[in-house]
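Take a look at the structures listed below.
In the two complexes below, chain A is the common chain; its partner is chain B in one and chain C in the other.
== the complex of A and B ==
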């Protein structure tokens, strides 16, 4: 009996070994004329493939390519109009490395077990679309980026879903890049822009990373309609702009972050019509210059609305849920300024150790006193035209009967106990 | 004898108009703030203004009520001559202190349960509120630690008025003055010194100890900032939990022992 079971197990073990497909991809690439399309049949292929000419590689459902050693699955050197689509890739170091390509299209790729998903340098007209990439649970320092793009121009990255990597989308020295409809979770930075210019980011979702957007030494930035949520680590930010110039951040939802948006050494930043909700600190500014302004934003449920050094930044026409002024003129604007400046907020900027006291009883009292005392403050972090709520949606709550009954039971029992104790 | 004293003390405490008013006030303020915050803001994980309000209502109100009522209860016994009567019973000083302590703890737990029940009932009617387990545990810890301190204050006080003033001083010292002093020191010393001083204050201030415990046990230690990474990491480990338990135990027992010593010195019982 045992012998039979052993034989069956051995058979199953043998059958479950990876079977590699017969189709020779490299031979097909070498034989193809420039501009040709190669369809790779379903199956698992092992190897490192090199592309140097105009070509389209198209997989079908079940096409899976695995790199050998530390070389990538695809190395694209030079050439123009290279398209790779519809396949699963895995490589030890990188899945795809592209250098000096003019016209690179990567579509519908599922990348796994790779240190870095896609590595692109010195390329133009790059279009990356529908990439799924999952890293691993090791420390960020041991992981690579989902997509890494260096020294390139005219790049579009859209509809990707990246998780558990170092930086979801890492961009360095790139001109003209559009990043849209991407989703990066559980990584270090959602998207990381360095030394780039003319950067646009629309409709992206970043959740549970160390920081959603990290923008450093970059200029001409337009960030619109993104969702930045749950960045609550020791040094987390929804969005951090360091040494950034000329940025517009609008219509973003920034929710439940340690710091919603932080500006450091940045110039000419406009933060408009964003929704700041439930952040520990909604807005932080250190050494901000050049008419930087936060306008028409909505601040709801944040512990600290804004903090800044002496330079501060301009607050105008924002809605603050903790504003206590009135509107006798009935023009939708509060009659007395909203003072966001607080002693504690400024101490926290100067000395990070003060963060320990955030929202502590002593600080809550101090901030309340500040709001009374600083009514005459006219310089920084004062909104002289705070908006009042013009309309509101009334949501009908549904009674939670289970909780209601438990609550009533507890109250009745404890009251009975109290009465019994007294008598 | 011990259970008889406990019953007697508990009955006296629950009968007290002051205690009943405090129970109503605490329930009203606690329920109002929690339910309003819950209704006004979306329910999200993490440390938000909502959880900060939870914590602050608890740390502001509960210690104040426990310290004043608990200390005046002991001081009142001495002042009114109740002790002289108790001396005629076969009862030790320790039994008196433990009985007094247990009665205070039980009475305030009843107040807290009424408040939590009201929050659940009203919150349930309005759509549902969350009362995290960490928060409930922290409330119980708050009661057992501050009740112990209240007994100690009462033992040191000569009169009820003196106990009241001592309680208010200690309350403001723990909740406000110590933090302000630390913040003021921080403006003239380097960050690493302020960090060390803050760590010391966490251990010598029961209000800070409870607040710190909330962040540790609710897995939100990152709120305290990177400067406290080492401390929070230690207290998030198993050894840290044990140390937290030991320090909490000391916060309960040391005031009771000092109360015993003080009553002995004063020749009571």
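== the complex of A and C ==
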């Protein structure tokens, strides 16, 4: 009996060992002429592969490459037009490291069990598309970024799905980058821009991170149509612009964050036509300079609409759900200014821990007093042209015949039972 | 007897008053600590700094440059002690006594490129292994051009 059990265990042990495919990828790369396409058959391959010439590596369903040691699966040094697509990658430190490449394309890659997914430096014309990357549940300080791009130019990152990493997309010293249709969840920052210029971010969805967009020392920024949701930790922001210059943030949905959008030491920021919903504080400004304005935004369900230091910033033509003025002229603009000045808000700027008292009765009373006192302010957190409802959703009455029939049946039965009871 | 007790109490009070208060760096709390200046969460602990204020509070920083920006904005009067991580061994050292090296290629969280060491010898040894830099002392940091250096 024991012999049989032992045989079964040995069989299971043997079967659970990974069997590696025998196609020699490095040999194929070395033998290929520049510009060739190598198709890697399905199977699991272990190794560290080096690319230095124009080449396309294409996997098929079931192609999986695992790095040996701390070297990446692929190291791309120099060369032009390198394409890697359709495969799963795992590496202890990084899955892909690319340096000095002109024309790098990474498509349809599934990266797991890696500290950092893709690390790119000093490269041009980079296109990253359809990357799936899942990190692990350890603290952010113990893991790397999903995609990290340094000192590069003309980069597009799109349609990626990244979770449980430090920063989903980390961008440092990059000129001309478009980040679109990405989804980053449960990470430190969704996208982290540092020292970059001509930055565009469209249609991204960031949820449950510490902060959605972290933008630092970056200029010429266009952030449009993104969805930033559930960044509600002690130090969380939907979007934080620190020392940023010339940014347009428009048509974004910013909901359920501790602070929706924060501007610090930033210059020339336009926040237009965004939907701020259910944030603890919708807008925050500290040392904001140079014609920064929030206009045509919709503020609904936020505990505090805006807070700022003495410099403040300009609010104009926004809709506020807590605006209590009237519109006798019927021009869609309230007749009295909306006052967002809040002494308590300014205290919160200095001591974030005060946020826990934000809806207490004394704070509500203080905010009401602020609103009465500051109506004559012209520039600091007072909107002299507050919009009344910007758009209304009209829904036609629809008849649900199923529900109507059931209702009629219940009413008729009840009346019949009642009549029987009476007689 | 009463006179002796009074003298002992007075001596104790005088000794406590005359003694220098010692400031001990506190551990970084990864979940909640953010840089006082730039708001980045501190995840690269090996570059972090902290200031122990005389009132008992601590201010945390993710990079030496942010710590220096705080000192520039607030002065040194309220500072009990300032600490930065030693690039050699990840231990807290005194900012005012440390030796620093700068090279734009040294990576730090804010990319300011300045690293701290307990002694000048340690800095020189480090440079021999990792690449040359410009040796600085605390006074040099006060006029240093913090920011990215092309």
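In this text, the second predicted complex is superposed on the first by the 385 of 423 C-alpha atoms of A that agree within 3 Å, B and C clash if a C-alpha of one lies under 4 Å from a C-alpha of the other, contacts with A are read in each partner's own complex, and residues count from 1 in each chain.
What we mean here is this: a contact is a pair of C-beta atoms (placed from the backbone, for glycine too) under 8 Å apart; a residue touches a chain by one contact, two chains touch by 3 or more.
Computed from a predicted model, the values in this text were never measured in an experiment.
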Touching partner for A:166 - first (chain B), second (chain C), both, neither: second
Contacts of A:235 with chain B and chain C, given as first, second, both or neither: both
Partner chain in contact with A:415 - chain B first, chain C second, else both or neither: first
Which of chain B and chain C A:70 touches, first, second, both or neither: neither
Touched partner set for A:39, first chain B, second chain C, both or neither: neither
Partner touching more residues of chain A, whether chain B or chain C: B
Partner chain(s) touched by A:368 [first = chain B, second = chain C, both, neither]: neither
First, second, both or neither for A:217, with chain B first and chain C second: second
Residues on chain A lying within both footprints (that of chain B and that of chain C): 234-235
Residues of chain A defined as touching chain C within the complex: 139-141, 166, 172-173, 188, 194-195, 210, 214, 216-217, 234-235, 237, 240, 242-243, 262, 264
Residue ranges of chain C touching chain A (in the complex, touch as defined): 30-32, 34, 38-45, 110-111, 147-148
Touch list for chain B against partner chain A, complex: 10-11, 14-15, 23, 39-42, 44-50, 52, 55-56, 59-60, 110, 113-114, 116-129, 175-176, 179-180, 183, 186-187, 191, 194-195, 198, 207-208, 211, 220, 222-229
Touch list for chain A against partner chain B, complex: 230, 232-236, 255-256, 258, 277-278, 280, 300-303, 321, 344, 347, 351-366, 397-411, 413-415, 417-418, 421-422
